[in-house]
């Protein structure tokens, strides 16, 4: 069965950090169209601090995710801190006692994470938020596992669904957050949170696929 | 000798009121170019109240001038109230005990009035204020009397000098009041106070000449 | 941007440094740079009173730290909720063992961060209870009051909660008093110009010159109506007509009133507005017991004003009249 | 104009009505609609303290009526001196037989109207002495200090004069204390945006976006320099470099400081400015004994700030610390 070791998983989080850092300006730019243009700044701040903290640390995947979640809760206010903070904390908790990460462990991780974010943020599909990425991505992963496809295939399905989910926000009218002020005028551009969420999901999938190949 | 009766002089003040009322908008317009555009409003407020008060009053020239002076002091703040208030108060005081107004009495009136304004406002010729009307007008009147010209001729000389004085402010750079902020940019337009002062001097001269003809 | 700032990302840090220097007779920094506390906090034997919120609303929130008011405040970025950590640290700074009343405004970010902070505090054995201000009438219909935002009425919530705590109230009593305050409070705002977050550099939303937005929120959240700009008297009438029927305030009521500027409106104009508001209330038989006119809860350099009314009873009057001393609110005892 | 007004000509009337309603615990109207007085004035046995000036500077001038501050204030049109009559009536309302200290700012119109009012009062046997504030360093060179305008330093003049009168000082003692206050006080302002007088309807003067005017007056009077807009820290340095050498303030001095907004600058930014000012003063060995950061003397909706410093001795400290209660300034006694 496909799997990798929890203790080898720090790289997954380091890649998340790199992804956000590389897309900082792009995220702010997207947020600037119908939000206040700070999404890249907010995300970069927390992820960079996490990167610093992990750099020389001896941490497994669970500890690395926990560090990320904690930093986000400590360093980013607004909604992003608690939402992404909860996302990564829940992921960390779901694999804490697992020496190996396989497709069932990750299923628990992503579903627990989605549940935490959903409970906290209360946003629905179609509200034009990161939930429009997170929900379909998780569903696609679950469906692939149900169909007994491989871990890698399930991750690829999750990644593809995230991308589609992000694209789907373009046609939505925001019902939550700052952009909801614009009503119809919020249609036609991507939601910033769904862009960052898609990047994070894609990075998670790519990193894990690379670890599986080792 | 040319003269008219103090007790017939109320009309002189009523004409001053009319003059300011008719030129209210023009005065504000001139003030708007390099000042704050309220000179007509300020002047009209005081003069109109004075007009109301004099309408049914049995007042001679001295009492009418005193009413005007008092109202300006009571109703107009800023610099205009005390300056024009003093101007008319001093005129009133200088003819209080004179049953008849002749060229010597008026000489005392205009010179006392100028002295009061000058002492209070401390503006010099060339500062681009109403003093650029008041000083040459008074000097022209004095000179005509010295040359032993008639009351009427002296009033006409005063009126002409006032007009020239007003015109002379066009080329000046303001050194006093709001317009001094503009420095060189205050050149090229008339000073609002000198416009009102010229109107008042001309009205005084015309009214007295008319009384002399009766 | 015609503003007095250094690095746009650092406005909150720079402001906090200046604030602590200017008010060292009232406030103290803590180990968390995003938490300020009352210099005597935790006050022995007293329930701790905590609030927090995004920056840019001065005097809110740190301006209400002080004697008989708030004990600790969590500070967010401009218009953005403080972190869960900051709320948690504020709880710790305020708690003397009697528990903490967290009195804050109903915004998504604040709700989430307070919720997470309470979990953290529970692990430490600190009891935290909350009152969530929702005085902004225009932000949701009456049936959905729980969705309404908190605006300038929060000042009354802090004043009343702070006074109850100062008089020795238990945590439940403090919560009850603050909840009563906010339940009896209604607000509405009118926006005349937008504002610019320094790190963003351009206005966050638009209000066209010649128009005004009735019911606008403190961060430019949409109101109930955009219309041509009206006279002060007409604005007063619109505000009174939104606020009074909602509670409703009725003949014979006594109220406390806040007319707060949004930041850049000359205070002179707030008195012009208050003049008519008081008159309209008097016409309805509603008596103003105490009024606060000035900049009590602002939005950077937005122009406009908010009107807040709180219906009083004897308890609320006594708590309102208690002496307090903070940067934003000073009341001399009777 | 995005403003809260009714008839532009009536803003002062409307504002006064609202002000009297909101502060009836402190002020009272008088028979002259352009004069407000402290509710207990004339205070028996106390020298009367009077000021006055154009409107649009809130809290100045009426916001400084109150306990241990001013007893009566003459109110002018926007940015225009009150009438001589109003000053005269203010003298009468303030005088308890001990004489009146008229503490006002150095402007042509005010000088003239006060002068005429003193003549009127002399006829009634009311003794009036004056202190003319001239704290604005940028308005004239040091050799011509008598030409300088009065700006936010007037607040210290009123605080000190009001306290001296409250403590039973004679007219000469009150005048001496207020004169000492202003002689030890220096101010400078930086303007970032102009303002619009409602009755005029367009800005009175220009400050180009991206530039700032150093040394600007409270009515847009020209400053000493127009330059590109600087960081808050650089503004602080420019202000300190203008104010400190003028008195001069020297190592070992203790000072009271006012950092006042001009009306529309967010108060947050005043703390950013104060943070650096305090640091620069500390570097020079000058200690801030007490600071006042906020909107203390404004110019309608102008953006910008003023910095004021007063050098203290024991007498000034004692007078500064005395309790006072007004809309614009509340100090709790020690």
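To keep things simple, chains are lettered A, B, C and D as they appear, and every chain counts its residues starting from 1.
Rule of thumb we're sticking to: a contact is a pair of C-beta atoms (placed from the backbone, for glycine too) under 8 Å apart; a residue touches a chain by one contact, two chains touch by 3 or more.
Quick caveat, the model's predicted, so the values are computed rather than measured.
J.: By the touch criterion stated at the start, how many steps lie between chain A and chain C on the shortest route?
T.: 1
J.: Quick one: report the Å distance separating chain B from chain D, using the average Cα coordinate of each chain.
T.: Distance between chain centres: 34 Å.
J.: Taking the mean of the C-alpha atoms as each chain's centre, how many Å separate chain A from chain D?
T.: 56
J.: Hey, how far is the Cα centre of chain C from the one of chain D, in Å?
T.: 29
J.: Pull out every residue in chain B that's touching 2 or more other chains.
T.: Answer for chain B, listing residues that touch two or more other chains: there are none.
J.: Building nodes from the protein chains and edges from chain pairs that touch, which of line, ring, star, complete or other describes the result?
T.: line
J.: Hey, which chains are touching each other here?
T.: Taking the chains two at a time, the touching pairs are A-C, B-D, C-D.
J.: What residues on chain D touch chain B, complex-wise?
T.: Touch residues, chain D against chain B: 9, 54, 76-77, 79-86, 108-109, 112-113, 115-116, 197, 199-200, 204-205, 219-222.
J.: Which residues of chain B touch chain D in the complex?
T.: Checking each residue of chain B against chain D gives 32, 36-38, 41-42, 73-79, 81-83, 85-86, 120-121, 176-178, 180-181, 183.
J.: Given the complex with chain C, which residues does chain D contribute to the contact?
T.: 2-6, 11, 14-19, 21-22, 55-56, 58-59, 192-193, 207, 209, 212, 229, 231-233, 235, 263-276, 278, 288, 291, 293-295, 298, 300-301, 303-305, 325, 327, 330, 332
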